[in-house]
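Got a structure for you, written out below as structure tokens; questions coming shortly.
Chain lettering (A, B and C) follows the sequence in which the chains are written, and residue indices restart at 1 in each chain.
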Amino acid sequence: MSKIETDLSPEIQLEMLKTMLKIRYFEMTAGSLYKRGLLKGGVHACIGQEAIPVGISAHLRTDDYITSTHRGHGHHIAKGADVKRLMAELMGKETGYCKGRGGSMHVAAFEVGSLGAFPIVAAGVPCAVGAAFSMMHQGKDQVAVAYFGDGALGQGTIYEAFNLASVLKLPVVFVCENNCFAVSTRTEATVALKDIPSFAASFGFTGVRENGQDVLNVYKTARAAITRARENQGPTLLYFDTYRFEGHYFGEPEIYRTREEVQKSRDELDPIDIFSAYLLDAGMMNKQSRDEIEISARAEIEEAIEFAKQSPDPNPEEFAKYVYA
Amino acid sequence: MSTREQGTSPRKLSYLLAIREAMQEEMRRDKNVILLGEDVARHGGGFGVSKELWEEFGDAQVRNTPISENCLAGMALGAAMTGCRPILEFMFMDFSALAIDQICNEAAKVSYMYGGQTNAPIVFRCPQGGLSYKSAGAHHSQSLEAWYAHIPGLKVVFPATPYDAKGLLKAAIRDPNPVVYIEHKALYSTEGLVPEEEYLIPIGKADIKRSGNQATIIAAGYMLQYALEAAQNLAIEGIEVEVIDPRTLNPMDEDCIFTSIRKTHRVVLVQEACRSGGVAAEWGMRINEACFDWLDAPITRVAGADVPIPYAQSLENKVWPNPTQIVDVVKNACYFK
Amino acid sequence: MASEVFMPRLTHDMTSGRLLHWLKKEGDLVSIGETLFEVETDKAVSEVQAEASGLLQKIAFQEEQDVPVGAVMALIIAYGEELPVSAKGILGKSIFPPSQDNRRVQEQNQNRDVAQRESPPERRVFITPIARKLAIENNIDLNLLKGSGPRGKIVEADVRAWIAQRNELASVAYTPVEDMAYEIIPLTDIQRITGQRMTQSATTIPQFTLEVDVNMAEASRLRNFLSSQLGVKISFTTLITDATAKALHLHPRLNATYVEGEIRCYKSINIAVATATGQGLLAPVIHDADTLTLAQIQERINYFQSHSDGKSFSIEDLSHATFTLSNLGMYSIDRFTALINPPQAAILAVGKICEQVTMKTDKPLIYPLMTLRLSIDHRILDGATAAPFLMDVKEILETTR
């Protein structure tokens, strides 16, 4: 990691590392629970992609909005979601954010501004546009961030959203996480879009393509976008290159890539290793404080599992509760 | 028919103006009620329903949008979850097909799948149907209410009179849930009494538009007109039928319908939409489940043909139900010789 | 602590996986992340890695075996650690939380079986639901109603007309005094069905009776002979059944039913014998009675009497009767008229055998006399057709064979 000038205090940077570690352990734990049959349904991990939501969220207030995807645990944790309630939701418990009605793929945390994970690819993007519209209409300064993957660039809705946000000059930031694969298909095979700045410019807003493994680089890149939104200067497209270390979902056979390729990425592109090395190098932490951060992150996840396991299942009699408000 | 229509100061109003008046009153009451859609501003929308509203409320509450149905529905959802109460006009209900993902997968489900953390107060205004709105063909004449009535989390209303149109739209705008509000294009110019005073019509309440004891006809939207015409002709032959306008298609007012059938023992269901998988099928099944022991004749149905809506009028007339068919089917149900 | 090696759930709907190869063998030292085995699912071949380091022990599944998801396939024992005592009990078991789904499905299936077994076969009467409901509420036998609807379907109006007519009759008929003390004896199912059938018989079949006296001297002699010489106990009912079967063989018009406007004469002669049971009157059937020996008929009759609790007759025991015999001789009834069991064409009623004096011979002679009464459906039989049958029964009983 090149040294980057930041306005972030060392404390905040260490806190960001901890959040990335929390995401990592949350995902690893989810994988282990899934393989042991304690989690059901589809569980999609963002291991390798932790830098993006953490870098973005460093600019966001609790009352700002995000919309997320099926690979959304990281987005939620970075936005400040309680890992206990998140884990309880994954285990289908009444104490989960969605009281066991949503699960991993349909989780939301309104208390920290998450309007929800939208596992139908690109479906959350118009919703973020709507939240931005709503803020503009109500004269509020909250912004909305729409997370989506490279796969979403195949959906027409997303171009409708780019167009609409630009025409109405809405306070929204589009964040594309290109993790190289739409399920099993490499980005090159599904996305024709190459030149992000000129593409965005042709829609009338700013677009940049940046390395998404370096959390401070993400942070720096996002600053201008979020400021623009906050000042009602219209949308921005942030396109981050990253890499998905796990399969599309836990247990996926991964026949489309070699072990060597994954290992190489884990060795060279791990955002936590990159950030840790930087912090050690910059003297903001030492080996011992690094271990302490790791232990404390791990402890929070252990506590979350214990909380979730002890929590009650939803009452079957209430299966129809919340269909209508 | 209903006594509620005889308010202290009723006046004649068209179905179209009743819808406009409902929006106007609600937008005045609450600044967060906003109308979105293609050409809804100065142009007044596809049928002129929202004319003059932009002049009063401006861009803040009446906003022209690009032609992006799915994104608009998603935008309405995002706005609804963050404090607004959007009304989204689809120019024709047929076009709402483009927005089914956002309506059915997202808006209908956010309350449930997010465990009550949020809700989506959106009104999707959907002009549908054909009949006196003639020769609009396959993409501008369909009746698609069954698609939405199938989805838990959505409410679907379908007013047939100016009085119901106004009261139901005001209730829909205030409802905390997404409501698919269906307007029949051929009814826009029909007139009826509408009081000056404010009133709401509760969603989920049917209305008995004509009383009788020998058979029950259930018909919504434009089909109500045909059902009432058939009822008049049947009365001349000595058969007194009860005509129920469900007004809300989901949730269904089972009490009203079942009570009537337990009185008349015969029921004929009428829908303009094509026969297969229509709302009449759902009505029929529920009646069968709840009223089987009261039936003296099979539940029968008069419905549109299972074909795309054709263009030529000679073909078009063949596709939709008519009052004569309703008369015949009711007579059969009454074993009338 | 030993760590379990188990078949992971690799896809949402995976229930088992085929174990292709062990890449490690028992006793190998393995470390976290090393591939232990390959597994084939319906989607792909996947490698499964070790989740702990140590010695691989107690491999419980062989290559090419299907292993259920969650099943413990081996254990990894940390270096220096001992194999747990409970190891054997863990292997092959699932580590997944138990699911109640399977048990619930089984219970549901059982309930369904019971429901199917208990629902009795029903004769199809075309009647609308509201008409059926009204008929049941007003205790009306559906078989008595005539339908005015399409294809003869009984509709509400038909039942209301029937009720109106019945009320008219009731208003002029005797009405029971309600203010007297009484005991309610609920009808058994058999009594209810018998009641319906007899009502149908009495109200819809124009029936009349032929009567003949039979000299049972020869029959008594035969009965005594069989008893004393062969040690076979044969009852009069058996002898009369035998004679009836032989006579029916000669007169097939009597071995008939009247259904939907047509006479159906049967080749099989299946004689029902009215039998009093604890539950009410039943008529179990002696099938193909004309082909049976006296001993075989007697065996059937003994079987009927041993089952007089009425519950243990099979559907087969009670089906396919073509003619009915009712004997009240053992109750000392001289003679009686039986009601036809619809849709059969006729029924034979048998009275007791009593000493009778005849003056036809040179000197007064005492002989055993029994009276038979044959009720016949006048829609399909008349005296001229039925009399020869009855005379043949008499002759067979009066002559030695």
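FYI, contacts are C-beta pairs under 8 Å (C-beta built on N, C-alpha and C of every residue); 3 or more make two chains touch, one makes a residue touch a chain.
Worth saying up front: this structure is predicted, and the values here are computed from it rather than measured.
If the chains shown are joined wherever they touch, the resulting network links each chain directly to all the rest. Most remote chain with respect to subunit A, judged by CA-atom centres, is C. Interface comparison, A-B versus B-C: the higher count of C-beta contacts falls to A-B. The innermost chain, defined by the distance from its C-alpha mean to the mean of all protein C-alpha atoms, is B.
Rounded to a whole number, the gap between the C-alpha centres of subunit A and subunit C is 67 angstrom. Inter-chain spacing, taken between the CA centroids of subunit A and subunit B, is 41 Å. Chain centres here are Cα means. That of subunit B falls 53 Å from that of subunit C.
Against subunit C, in their complex, subunit B makes its touches with residues 265, 292-297, 335. On the subunit B side of its complex with subunit A, the touching residues are 32, 34, 60, 63, 65-66, 68, 70-84, 86, 101-102, 105-106, 109-121, 152-153, 155, 176-177.
Of all the residues in subunit C, the ones that touch subunit A in their complex are 6, 8-12, 14, 43-46, 51, 69-70, 95-97.
Residues 32, 34-38, 40-42, 251-253, 255 of subunit A are the ones touching subunit C in the complex. Against subunit B, in their complex, subunit A makes its touches with residues 65, 67, 96-102, 106, 108-111, 115-116, 118, 120, 123, 125-135, 137-138, 144, 156-157, 160-161, 163-164, 167-168, 321-325.
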